[in-house]
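Taking it in order: structure first as structure tokens, then the write-up.
A, B, C, D, E and F label the chains in the order they appear, each numbered from 1.
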């Protein structure tokens, strides 16, 4: 069955990473994957969260995620008085964990890097785009710290990117857009390093539990997309990494 | 004394209005005034706020205002659990009142137009830019309602724009940037219609109370800027108004 | 057209300031303007707000505003879980700014004066009455600090009072009561020092934008009322100022 | 040992009830017991709380309690974001229960009477003064409903008043002021009807558990005060009850 | 009239105290009174609440109370965003006061003992069961502190227990179950020390105000139950007290 | 390397499921896996959440998760004013999704089954134990609905259980206890149906990203444990399924 937007089943949406999009931030980019557009910024703060101090550890990376009200087709109310929604909490925890997996924290010393991912336009896959873009913002901020002599070397142990795969009808598809995500039987987000190792696999059977063969085919499909995303990150970070 | 960015005292910052910036919204624009950049969207909702129903009146226009965390030089935390700050509340009420002054509300029937102003970059004058840009988003959304036959005619009775003026040292200046706003003795926001009538005047002596002559000179200065802003709005709304 | 309560267009409501109304407070008064009655107290606290310390500055004056539930004809629920309303936030910020404009802050040293304005009865103009009454409470508290040798001299650089003016139908009126406020086309609050200089002008076209001539006539009208209010403040503060 | 303010151990503080103190309310009074001053208002609302509807019952009486920030010697912050304090919750539940004990609820039909007790000055015994004063406000509001033909007859089955008794050192004292309340070994609030029956007894050993003889003597002492309070309520309600 | 569950009017429900029920806690028990089952734990924290430090006093005991959602017949929602309900606040304050009446606080030094009472099953009398069980958890935690040499001696000056009594129809009954509690005309909770002195008496006329004779009979009835509860506490605390 | 508690690497902790543990609930069990003990209840509510009605769909299953304060070695504060923590939100969403994967929702008609999982003791793996136990509570509640004739047949399409697997040092281990969970390099929760199909796979590299071979071995290990858990569920549900 042809895809909603004419793509092949193993094809990413047109993707573009614009580094330095938010000039006030220490690191930033705009990542566009089809109609999904996310602003990622990295802010350096010269302090650690209390729990990190308690553990006697140095360095921290954490993330926040938000959506502009009209990033969606029907207006999404701002989060507020009741705190971030369950979905938002899950996403920001995932972004933070994914980035920390490639950061040698102690190199950052008494510093936290706070990532903000703000969705300008949402068409499925915002959490994966946010991870992929955040790595670019993070790397830019780290380079700035090195250049200023604030830290002694780049704290990155590798690159990290993420992509969604899923099952719609009986088709296994790469990089689901909203329409596909909405109707899929299985939804999986794969976060991987550029060495091909998994940082996080979150597979959910929205309707139909899946077997191991399907799992393996979906992981293969994800890898196809992830390798292209690493290339784009490298291009965006030329002279930085 | 020359201005911080080399402008003349009666000169606006380079200003640009890009209509249709957020394709999901019924109306939208990006307004840039120097380094101040605000995304304005207009969302049409087919219901009225409860108080409006209670009054037995039709139509409503209201506004929300937010800042991306890295719109500022030092990261501004997201507003949340404690609700919008006092500053945010003041600004969104001002935007709402300013727009309502040029809307014939009953033409909107059982509809609310909800304006969202989200600051991408903040360098002074965000509330004025938000008003000027919101008018463009509002007009675009109204035209869409007319084109769809949802309302019988454009509900706008005029145009509205806003600009800041202030006193820095002994200089009276138009369109203050952050550095000027920060040091000014008097700060005034002037919201005006294209017929040259005031919708809102908010003059505050941050340090030195001011006399009537100064008030009049500042109002003259505002008018210089406002006339240019009306021209840009008209250009952005060609075929819409 | 005769006014709702028979007053002339340039006539204040019967006004009375009773100093020392709340004996527990360092400074206090009850201000009555017609049926509008506000209790103003000044509390001295031996500490500064965090942001003030960060700026390395001494002294601060701030304000809170509340209404007893039956200050209004229909019961107004207590503010609470959701924080103060937008209206309350605007009013308390205005009161604080207005008072700070006549206080030489450093004279207060490591102290904050916290003004509480609690409305016993509301019949329009509560924010203006609150400003006028708060100045009396503030001055009484300052005198007490001087008498106790806590500060070296009175920190006041002048007096401050406030009054509303507005346009009802085609009449320009001084000191609007609720009924007038409710129907007015233009509503303006004027905060002025006893030297005739403006601290704050907030003019809002509730329905009809206004031109400059009207603005000037309204400012003249406000001045008539403000001069009477300064006299009453002086009388209430005999031996204090 | 003589009392803090020279009273005998079985003597009330000078007490005064001023009915109609808040003209906007359906019923109101100011009750003064020495330096304790409480404004009590009764508001009639033409609806029932949801739980009451669920039970299929008619009529309800409930209460809220607040303190002006400078009712106390050291400023008490306004209650807000975190909701009413534990102390406030206990007091408003006690006031509501006490009043409901003398109201034949169904006579009120689909109506709630909401009592507001706002403390102008606090010098001990505010909850008892609030109960005694609230009965006056409640009765006035009920009479108004009868006069308007809204209800068929007065719903009151008796009068209710409250007083505190306590043990300071070895002295058993009536109507404790703040200084006494602060140092007492036993603190008891007695809420009684004018027929001499108990509505609520809340006896707390703040430091020294007490035996039954002490309990009985304290109840006798309370009765002395309560009989005087009933007289004052009757005087304040002449022509109403 | 025979009781709902066949008991005599002066008979406790089958009661059982299982010490050490929560092995992670410093002190704990499960108390079962008929179908009412409450888990009580005592946690030792090496710090004092801020107000206690301010007063310059050592030692503190405080309590929290919660219900599992299905402790009740109809599910009770978890308390949360709006803070504990009025009922919960009243109960946890009562538990804390009751325990503090038998603790010589300074013996605890810079420590707080925090009691948690979590209701597994609720069938009336949960607050009384919580007090009786909490004393056991508290004593166990204190003994542990003595055994570890953290404090020099047991800080307990006596035992404390609580029981409810009430009037259903014309019967005076001991230890009300939910069905009885629900229909009672008078409801009284009596908190007493093992020396027979009152720590707290809370008598409420839910419908019918009561006279002194009834009060005295109810206190006698409570004593019958309390003496049995002290015996069970002593048995559960063998080797501890 | 031998495990912390002497188990083999592919050995579950001693596990026990006690059905009917909370007699007030429509379905319930206590599940014990070593020192991890979770109470699971199922409550039937005769209404649907608003979003479900909006979608025009019937039936819903959702879950809440809580911990008793002393379920942990160091007391965990109750969640409250700030809403459930990020961890809690993630867990309750996971439990809900897992159960819904084996429920044919429309069979429930206008009903929601609300699962409560309350942790009595926490020693790692509480979310997995909660899923396994919740299925038992859910099945019991469904049977009750069938027996009462409220629904026409059992809505369950299979069984669901969950277990954790992880990598500690270089060992791949089944059913991690807290000490193991705390030090693991990879942590994976596997939710599976009794047909051997995955409902949810959540694999997280806490420190070391993992490759596909490790993933496959971990999934094999999980299956060993899950098959035993299905047996215990079946035993606990004899006569019910």
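The rule is short, and it goes like this: a contact is a pair of C-beta atoms (placed from the backbone, for glycine too) under 8 Å apart; a residue touches a chain by one contact, two chains touch by 3 or more.
Quick caveat, the model's predicted, so the values are computed rather than measured.
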**Prompt:** What chains, if any, are shared contacts of chain E and chain F?
**Reply:** none
**Message:** Measuring between Cα centroids, what's the chain most distant from chain F?
**Reply:** C
**Item:** Computed distance of Cα centres, chain E from chain C, in Å
**Value:** 52
**Message:** Measuring centre to centre with CA averages, how many angstrom lie between chain C and chain D?
**Reply:** 34
**Message:** Using mean CA coordinates as chain centres, what's the gap between chain B and chain C in Å?
**Reply:** 28
**Prompt:** How many Å are there between the centre of chain A and the centre of chain D, using C-alpha atoms for each centre?
**Reply:** 60
**Request:** Give me the residues of chain F that touch two or more other chains.
**Result:** 81-83
**Item:** Successive chains around the closed ring, taking chain B as origin and chain C next
**Value:** B, C, D, E, F, A
**Item:** chain C contact footprint on chain B (complex, rising order)
**Value:** 82-83, 86, 89-90, 92-93, 97, 101, 192-193, 195-205, 207, 209-212, 215-216, 219
**Asked** How about chain C: which of its residues touch chain D in the complex?
**Response** 22-25, 28, 39, 41, 43, 45, 64, 66, 68-73, 75, 78-81, 83-84, 114, 116, 118, 120-121
